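Both complexes shown next keep subunit A, but they swap its partner, so subunit B is in the first and subunit C is in the second.
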Partner chain A sequence: MMMMLDTLRRFWGRKMLYRMKISLVLQILIGCINTKAQANSFYNHVSQILKYCNSRCLAVVPQGGNTGLVGGSVPVFDEVIVSLSSMNNIISFDKVSGILVCEAGCILENIMSFLDNEGFIMPLDLGAKGSCQIGGNVSTNAGGLRLVRYGSLHGNVLGVEAVLANGTVLDMLKTLRKDNTGYDLKHLFIGSEGSLGIVTKVSILTPPKLSSVNVALLACKDYSCCQKLLQEAKRKLGEILSAFEFLDGQSMDLVTNHLEGARNPFSTSHHNFYVLIETTGSDESSDKQKLEAFLLGSMENELIADGVLAQDINQASTFWRIREGISEALMKAGAVYKYDVSIPVENLYNLVEEMRSRLGDAANVIGYGHLGDGNLHLNVSVSQYDEKILSQIEPFVYEWTSKKRGSISAEHGVGLMKANEIFYSQSHETVQMMASIKNLMDPNHILNPYKVLPHSITS
Partner chain B sequence: MKIMVTVKRVIDYAVKIRVKPDKTGVVTQNVKMSMNPFCEIALEEALRIRESGLASEVVAVSMGPSQCVDTLRTGLAMGADRGIHVEANDSMYPLFVAKILKKLVEIEKPGLLILGKQAIDDDCNQTGQMVAGLLNWPQGTFASKVVLDKEKQVATVDREVDDGIETLCLNLPAVITTDLRLNQPRYATLPNIMKAKSKPIKKFTPKELNVDIKPDLEIVEVTEPPKRKSGVLVFSVDELIEKLKHEANVI
Partner chain C sequence: MMMMLDTLRRFWGRKMLYRMKISLVLQILIGCINTKAQANSFYNHVSQILKYCNSRCLAVVPQGGNTGLVGGSVPVFDEVIVSLSSMNNIISFDKVSGILVCEAGCILENIMSFLDNEGFIMPLDLGAKGSCQIGGNVSTNAGGLRLVRYGSLHGNVLGVEAVLANGTVLDMLKTLRKDNTGYDLKHLFIGSEGSLGIVTKVSILTPPKLSSVNVALLACKDYSCCQKLLQEAKRKLGEILSAFEFLDGQSMDLVTNHLEGARNPFSTSHHNFYVLIETTGSDESSDKQKLEAFLLGSMENELIADGVLAQDINQASTFWRIREGISEALMKAGAVYKYDVSIPVENLYNLVEEMRSRLGDAANVIGYGHLGDGNLHLNVSVSQYDEKILSQIEPFVYEWTSKKRGSISAEHGVGLMKANEIFYSQSHETVQMMASIKNLMDPNHILNPYKVLPHSITS
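Coming up: the complex of A and B.
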């Protein structure tokens, strides 16, 4: 029990180590839900806990897989931790419609394995899939690698069961593709990071697993080539495009230096940018033809300097490991300051270049991300955390993003880290309205306090 | 000197294999097929030998249905110069492959024949040995290192065997089968994929080569191996001995 408390205290990164006094961790223990009676009895646990905490004004922080990157599930002061991890049952799956209903504590990778057996896939995929839980994914509106093809969780989540601060259970767990009856409240819980209610069950639409997957890793000489390649890919690959990721030369170097077994497929030459394209379709030969034609055409037009096409699943996994392993490599390289911004695609890389010239030799600035969605993961890798370096990065990175009318958090959420910075991406009127909704749904402010909304508004 | 390499189209190594409900084989419908990993290594070795100047041409050979051309295209994209497709719709057992290879060797006259040590679908590990026997050529199987001497016309092969590494010296022409640690195969790069489109693939049929491939083996049944049972906790040495004696029957 002590070891677990310790893990829960220190899980999140090393930038903001919150070693707080955790007095109480409540793990919701759920057995198999076979009967309605049992089902009714289990979610009463979360409901009862919140009802009690609300009556005593005890703050609560919900926890899932603890893979968040903005401190959204870190207890800040004396919050009671409510861990959803034991609620990991898959409740039902409709093989015709692909609609899955499961509890919030199901680990994403486990759901993926289950669906794989049934011939379906999850509409989202992220590097943290081995630990992150679907409740957390929904609560943070996680993006990931396949958003360019399947869209965001706002589109794929069909229903949610959530518990409000006062213990009221909102059963909005529909399995309907279309339902225009009143205000669609489930959207309030998707992305509000546990500040409006605790998500306990999710119903999600899963796409069928298509047999033909192709992955290519391409080398580009500059960022504008990457951009033009994206335009061409959307046009020429259209409906089979399932991922479009980019990483700069510095990211590739980091991965090959720090990740075991990772090697650069273009070992003989150094390139400035790399793009990973994945296509998913139903016809192996026609997809491969389409992809090859697109790649060869792009090569002739000098959009690509070089490229490799995976010939089997193993090679495809190797290419993905390079992209997905950047976070791991960053952790091994030392300390890292992580930023996740959404900027108009044409300006995306300028932020990396400006940050690089600002910090000079003091840090290794790398940029990579979901180019297909205009999402840049800017990471500053240093040997040790240093306030001086931080002052050079913030608030510059937020101001820069704000000037371009971008989002200071494309997919990672706001959590604790960026709560006070929300004004860089939202107007005062909008944030006021958010606060009004918060006051309505959680008048005692017990749900995940100090997060999401700026302290100036909520105190 | 010409090098001939065989490449087999098999179910991709990373796919979870399922047995067909009628137990006549495994499910291959809608399942990803790729080049046998050992064949990739064989082709890579041939390419490296050519690149070091000790060979002039690498010919890739595949036998089976029309989709084998895809596997040959991958081989050509890796760098092979030409492809040969022997079209046959029946199962290609090692003896038939060996007999057909003998005929192709008589036509092409390569100085070296490199194969993967086994295919990951049938795990036979027989073709290389059989063709060496049919051709009366020396063989170096499970190669983990190959060094060619053009002048002396010999190949020095390190073989991975149970007691360690055995080094053999073979007179060319010879047959070599490759093991995992021989090399790391290259990726198919776009410029090479482009070049591969214009490389020729010659077609043959077993009939044209005068080889009878009527199967003399019949697959009676294919079943999954028994699922692993969970372990049992024992609480005393006596209990352990009792279980080993009467349940596991090992003492």
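Coming up: the complex of A and C.
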């Protein structure tokens, strides 16, 4: 295998020295080795590959489902891709504690199906679940739809096994809810986008599947109502609230215009804002009662202009399809500039409005996202990419977010596309410390180069 | 101030060179400076102190409420104590998001009172709340009574401000639920017991206070019933379960014998095990109904032998007093060897039984803790400390825990007392990486020396 790698490296090295993407997918190589090896010793292969690459200063891109939105899992020049797809075994599941241990290449939706049979759910759900992998989810600290209820992966991931650039395997694959023995280094691998090590196994706490799930789609006349509704929902629905998503009228129009079969369920076809609320609880009748009382109260207080409570799982799916389909509808509508920001809830929608007035008729600016987490997906839909429009969007969007002490990447990560923008959300001292840790853990900078950290600090 | 420090250092250096504890509490010095300074610039003082100490290689012990149980906040030789007690301001609270920002020296109970007035609660509660400080809680990654519901501080702490050994201030004081811009370095300060930096400010996500709280004390005939009860509670009480604590009959006897006013609420005075269940929800009647149905079902399935549902807040307090009073009762009963381990729930109580049979009549071995988190507090109560008994307990307790892939410190941390035992729960490679990070962030090893990492790796 090592000879094969060397040959390939020389070949590609000559053929495409700069600015060329290659797809030397080491998955194939891992696959070859696997015919002779045990499934659970895959990490040894990752270790061997990294040891070899490190000794020759060959750059490596770890790749999961390759569904990231900031170019974190694609090669830039002549990096070797290490795909984790073949490491897709579930290793163990403890029904008493709800703790699952699996390999990094497990596809999120497959884990969900497995858990469903066991009476549990993943604390993480996102649109890309059909192809994204848990190792990639952990490496990008994926957020998604259930974060408002179950919190981030920093809280739910109990352990990881990670391979360092020099091939050292760090076994931190704990299956314990509590472990205060020294520095909790697994957190360095959660959200570092494969630039400090390759996550090969994951241990995660999964909540029990509860029997009662309700979904309501509500219409609000303005953003202020959405905000107040969120406060009310947190208090009145409290422990059963499992999603609080919002989309503006422009997002709804986009979905109904571009997505086959999607339709606005309200008789009055246009409202300024829509909120999707999901509750998950253990008692059907009391949950429904609680949700109905909340909706009634919100109607009376004029927080909602209209509302539909899904009558069955199919109707619930059509509501979710609207929210989850926005991204697909945007792709169909033309070119799109995508931003994923965290901003304190009270200021969150101002950014959409300001962007709209900046761009005028040149673009369709839409805003949606995880309002319960203060996470806005700001999208600028245009007929085609245009440098002039881009210059009106950036750096404005970053400067605006920075002024509100927001994050220029709430859940998508930094990857290649935002590495040089990191100072909008992090202090110089903090980024300097990140760079020091990168130098410590990957002194040859072979892991996912050109990503996460800005060029100015790594070069 | 700097001269004063130097003089004191020389004085103490001569007087007590080795194995002598000093109490040079820099709080006094900080207090002096404070008369001329703004409250919110305290971190500047911490920065100046550390910069000075670092330049002279003066060792420093950061100290919060000094309530830790493993000697993490006390000096060993001639370290300078930096007390954070005067940094006790609440900086901001956002009622929409429930995000609190405060200084590290705020006492946990004071924060709780503040939040109570705002209609929120802390996601963290522990026996020492009256004196422990939030900076210390974060630095030790305190667990406590609500972890089963709200998760660990790695999930709830949104940001910290920390001062490094060389005086650099890392501003990571985010007030966002989501922020994926680079490595999430705050996690290095959560649970590193002040050995990588001093936490000066904290931002934390707080859940809304829900109106309905119920507490039940249940009796079980054996440990297997406690385990099954936990599984049932997770499924039947699901989202309203906020505590699942257990104690054995010996713990109950200890409390009722040594704690004034404490009494066993059951008519049959001895049961083998007791479980305290708390539910917190948003609807009094449906919560009560749910809990009653759960208790009835558990009676019918013979999981519980007897049970009392608290009728009011006073009775609930007396139940909590039993559980929270065990530690105090142990102190009154004589000398005590304390262990705080995480073990997969199915094996958890075996350790208590094995220890009991090892020690025979020489000691009273009791087991209690946070069963919902797999966290056992194993305590060996003896009339006086005895090397012979200790040699029967250690290293047995660590070896046993290690074999089950448990943690030798679930929530108390490593501190001074368990630094050399860290390999029972962490691999050599992982500890080596911890040491490398320590060397990177605190090259002179001035911060909390002799703690957390083993002597073999730091010397």
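Heads up, the rule we're going with is that the second predicted complex is superposed on the first by the 422 of 459 C-alpha atoms of A that agree within 3 Å, B and C clash if a C-alpha of one lies under 4 Å from a C-alpha of the other, contacts with A are read in each partner's own complex, and residues count from 1 in each chain.
Definition applied: a contact is a pair of C-beta atoms (placed from the backbone, for glycine too) under 8 Å apart; a residue touches a chain by one contact, two chains touch by 3 or more.
Quick caveat: nothing in here was measured; it's all calculated off a predicted structure.
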Who does A:265 touch here: subunit B (first), subunit C (second), both, or neither?
-> first
More residues of subunit A are touched by which chain, subunit B or subunit C?
-> C
Looking at the overlay, does A:304 come into contact with subunit B only (first), subunit C only (second), both, or neither?
-> first
Counting only touches as set out at the top, which of subunit B and subunit C does A:429 meet: first, second, both, neither?
-> second
Can A:312 be said to touch subunit B (first), subunit C (second), both, or neither?
-> first
Could you say whether A:413 touches subunit B, subunit C, both of them, or neither, answering first, second, both or neither?
-> second
Of the partners subunit B and subunit C, which touch A:255 in the superposed model: first, second, both, neither?
-> neither
Counting only touches as set out at the top, which of subunit B and subunit C does A:292 meet: first, second, both, neither?
-> first
Mind listing the subunit C positions that touch subunit A in their complex?
-> 94-98, 119, 140-141, 143, 147, 151-152, 154-156, 164, 168-172, 174-185, 187-188, 190-192, 196, 208, 210, 227, 230-231, 234-240, 280-283, 286, 289-290, 342, 344-346, 370, 373-375, 405-414, 418, 422, 425-427, 429-431, 433-434, 436-438, 440-441, 452-453
Subunit A partner, complex, touching residues on subunit B are 12-15, 30-32, 34-35, 37, 70, 74, 77, 187-191, 193-194
What residues on subunit A touch subunit B, complex-wise?
-> 211-213, 218, 265, 284-285, 292, 295-296, 299, 304, 306-315, 317
